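Structures given as structure tokens follow.
First chain A sits with chain B, and in the next complex the same chain sits with chain C.
This part shows the complex of A and B:
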């Protein structure tokens, strides 16, 4: 028995002697205030958050590393006076030369952010595992996660009607239970990705919906200053209510141009068209398949005032920002970034073209007698500043000008919507 | 007899190879402010001056407001203030001019060119990344690179590389895949107001923003 103990003690001492951990810890204070007037289609509200985080890090051979980070927070909102949450608990290991020189395997496990290449389908903290196989020029990512252990206010996994109903229900403790899987292969210029989510609610009598997504995405370079972001995703789904299962088909597409010019006061501009449709001509050729809204796993926030669901929607997004004092040696003034943006919203035109009926979208004060496609325009202006490394500020205001009138998309009582969002972020 | 013959052939090949290796020289063309040189195997630093030849394995150090322009064959290097740069290799072999530099801290701007009849193999190693180029212009601080001309093969510590083109930026801060393309340009131009989004970036490798109220180092020895 004694020799075994001695060998174990020796092994422990040897392994411990190989470690030289670095650690860091800190406190973050975040405040987000949302003021609105008129009719707005967003769910933003004032929120105050204090978070404590800690990290242990160790470098290994050939540029590898082991990293453990955790963050817990206390959050206050008017609806929920206290939310104590585990925001992040992530182990990540980088293991170089796993498949030869110039390759690495990156393993991440725990509670961490998962997102797809577009960030329009999935962008959410989840509990799971992610493996990245890194090669020069491209990478392969495989991930699996579960959303049912997230607190309901922290979860943005909203797909079925029940998910949306529960979003503001204080009696529901955890967010929707879903298993989410992801596979990705590609580079900056071209990538193929597949995602799927499986509803784990069980037989509740409500809608059980599973969805799968297969798509391409990339941001190839056009010239030294221009890039061409694009993405195209086909989605297939199965919606079961009671004994009836309906197959769903929908699509999401986007195309744009991005401009960067660091020498022109760090100028950045973009024009992007995004289209989410549930009515593809394909369905007309197939039996037993219904068209339906495009349903992302975690719905993105599109606008400040007007933020409809990404379904049956076509919108143009243009924006410009710059840092007027980018070359100033003082980081206080060089990190001030004014920005302007505009978003022009339309209903999905295909249903009206093919059947005469307008596409249905879920927003306030829609005119039921109108088939108009144009919904309105949101104009946004603001300033983002990182005054110090430990203090940041964002002030953004927006106005939504709806298309109203007897034949317009909105009823005439829908007025102009205004919103002002002020975020302050500090680190101690 | 055979063994003697093989040995002779190998020795001849080595001699011929050695004859083909030519040592290039690095010369300080311009020196401004405090610039010092530490010669190999010496502990002391000596003040640098214009026209001074910098030997292989020597380290150049620039102070506050100090800068230097270094000529190495057809290539020119502008060494910015607060930089340490070591010349590890400077040779010409088989018509390839090979330059190997190590920069643990600081920033340089390089204009890498080839002489007539030779190709250039220029490598700059930094604390986080390596830039390998064959005729181009770039500026780097060892973590980030900005390319002004042609293409740079930009590698992280783990050896994973990406091509950074004219006008683009590359960033290697976490040891994994270096960031390039529109992602890196977004980081160059956009201001991130949130201090929470940089949680954990204050330690380990990469940009030490120093976030957090404390730093601890635990060493088991």
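This part shows the complex of A and C:
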């Protein structure tokens, strides 16, 4: 061990002196507290995280750069009082004019964040390589990564039933083992992307699921203040249990309008409809397959109180935020941003239209006798404030009003759900 | 950006700020020609732009004059190169830019650089120990002057 440390120290010293690397380091402190009640019992949980990061950076010719950054953290929660993790270990190289003037190649390798254009299918730290070919007006991205070296509490790669079972299992050290690949070509206005994930656990007797995704996404600018975010993804997958393989076909779509006006107290507003297919027991003529639940690679958090899986779901999301003191010369005051939002949830209407019965949704207290599509509405309000450049604060509260009653989606004893989330982050 | 275009940008900023209207072309040419800005020229830019001394001051005297007001970097000679952190620290003190708890606790080039990067005054990589070219120093100064103008 000692010789390795000496070699590494020597390499770092050599690098710093020979290549004039710039170094920087810092400490980030984060606290997140979450209080919820209503569905079962009142629940309170907090997470405290202290992270140390270091960075080596070198500028190269024509605005290029080489960058190595690492961040390790200690995280405390009541369930897991000690989680020491490597959050980030990323090498980035920017090589301008690789394909002529106005082009560049960006190479990233190590442990870094990977996401798709919608961030609804994949948004997760993984170990892998990403290459971005940057051209004037569009880019091509190719990426490959492995999820099996992430600590289980840090992994949000959850696709199969086994993945979800392992999520809260303290005896499982690492997250699900999957190879994830991504290809993207396009611009902000229109892009085509393809993703795939392959379960690497082998034949364990459980369900092995591989999925592939092909879609379009973009946020074109309609006018100086309006944008039109849209996405449409078709997914094909294979679920294998023992010798039996079932084909899975599903889809995800979204359409909305975003508004931003710096001159109106930095107002931001959005209206967006998102749709993810649920299981529809209608056998298609081709290959004997049915529409199934959409399966993102890393399931997104949709609501504060009510956050069902992104499957068998149709929801409307509206929101507004502004900075009432945006023109105040004090950055402490000018960065205070109140926000309000509402989300209205429905089950996927397609199964009921085609078969007369809605598909199950994996949440508590669903009324088994109900065919209602409307699930409930969540209303959220909060304040986000970047008080100083090194201190941020966010307070968000939400209420979920479930649809209850004899014929409603939820059982009558399901109460109104409440949640309060307070986040504080400091950079030293 | 070419030297002439940078000069035009700086001249436009200077038009908006009377204190800079008479910057000598000689000093600007010298600044734009520096791959790493010297302490004398950096102190001259900061001192004249913030109104600490007139533009007729010699760059060689600028460093000591700033140091008298506690705004310079003692120990640097006029020809010594200035890092991004040194320049940022001179700017935050000369223009009274605050807004960071760590800068208040430990005022230093490190936290001055972070503060200016947070305010988008510094664009691109912002490491305190980075060498600073003359044209990048002018662009940073231009954004500071725009901020100051917008706040008035």
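Heads up, the rule we're going with is that the second predicted complex is superposed on the first by the 396 of 428 C-alpha atoms of A that agree within 3 Å, B and C clash if a C-alpha of one lies under 4 Å from a C-alpha of the other, contacts with A are read in each partner's own complex, and residues count from 1 in each chain.
Here, a contact is a pair of C-beta atoms (placed from the backbone, for glycine too) under 8 Å apart; a residue touches a chain by one contact, two chains touch by 3 or more.
Predicted, not measured: the structure shown is a model, and the values here were computed from it.
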item: Superposition on chain A - do chain B and chain C clash or fit; value: clash
item: Touched partner set for A:207, first chain B, second chain C, both or neither; value: neither
item: First (chain B), second (chain C), both or neither touched by A:59; value: both
item: Residues of chain A touched, compared between chain B and chain C (which is higher); value: B
item: Which of chain B and chain C A:331 touches, first, second, both or neither; value: second
item: Which of chain B and chain C A:393 touches, first, second, both or neither; value: first
item: Partner chain(s) touched by A:385 [first = chain B, second = chain C, both, neither]; value: first
item: Partner chain in contact with A:127 - chain B first, chain C second, else both or neither; value: neither
item: Overlapping segment of chain B (options 3-11, 39-47, 111-119 or 183-191) - the one that collides with chain C in the superposed model; value: 39-47
item: Those residues of chain A which chain B touches in one complex and chain C touches in the other; value: 22-24, 55, 57, 59, 65, 389-391, 426-428
item: Complex interface listing, chain C residues touching chain A; value: 99-102, 110, 114-115, 118-119, 125, 127-130, 151
item: Chain A partner contacts - residues on chain B that touch it in the complex; value: 146, 155-163, 165-169, 174-177, 180-183, 185-186, 188-196, 199-200, 202-205, 209-221
item: Chain C-facing residues of chain A, complex; value: 22-24, 55, 57, 59, 65, 329, 331-332, 388-391, 426-428
item: Chain A - residues contacting chain B, complex; value: 16-28, 30, 51, 53, 55, 57, 59, 62-65, 67, 69, 71, 88, 94, 96-97, 101-104, 106, 132, 134-137, 139, 188-189, 219, 221, 223-225, 227, 229, 258, 260, 262, 266-268, 321-323, 335-337, 384-386, 389-394, 423, 425-428
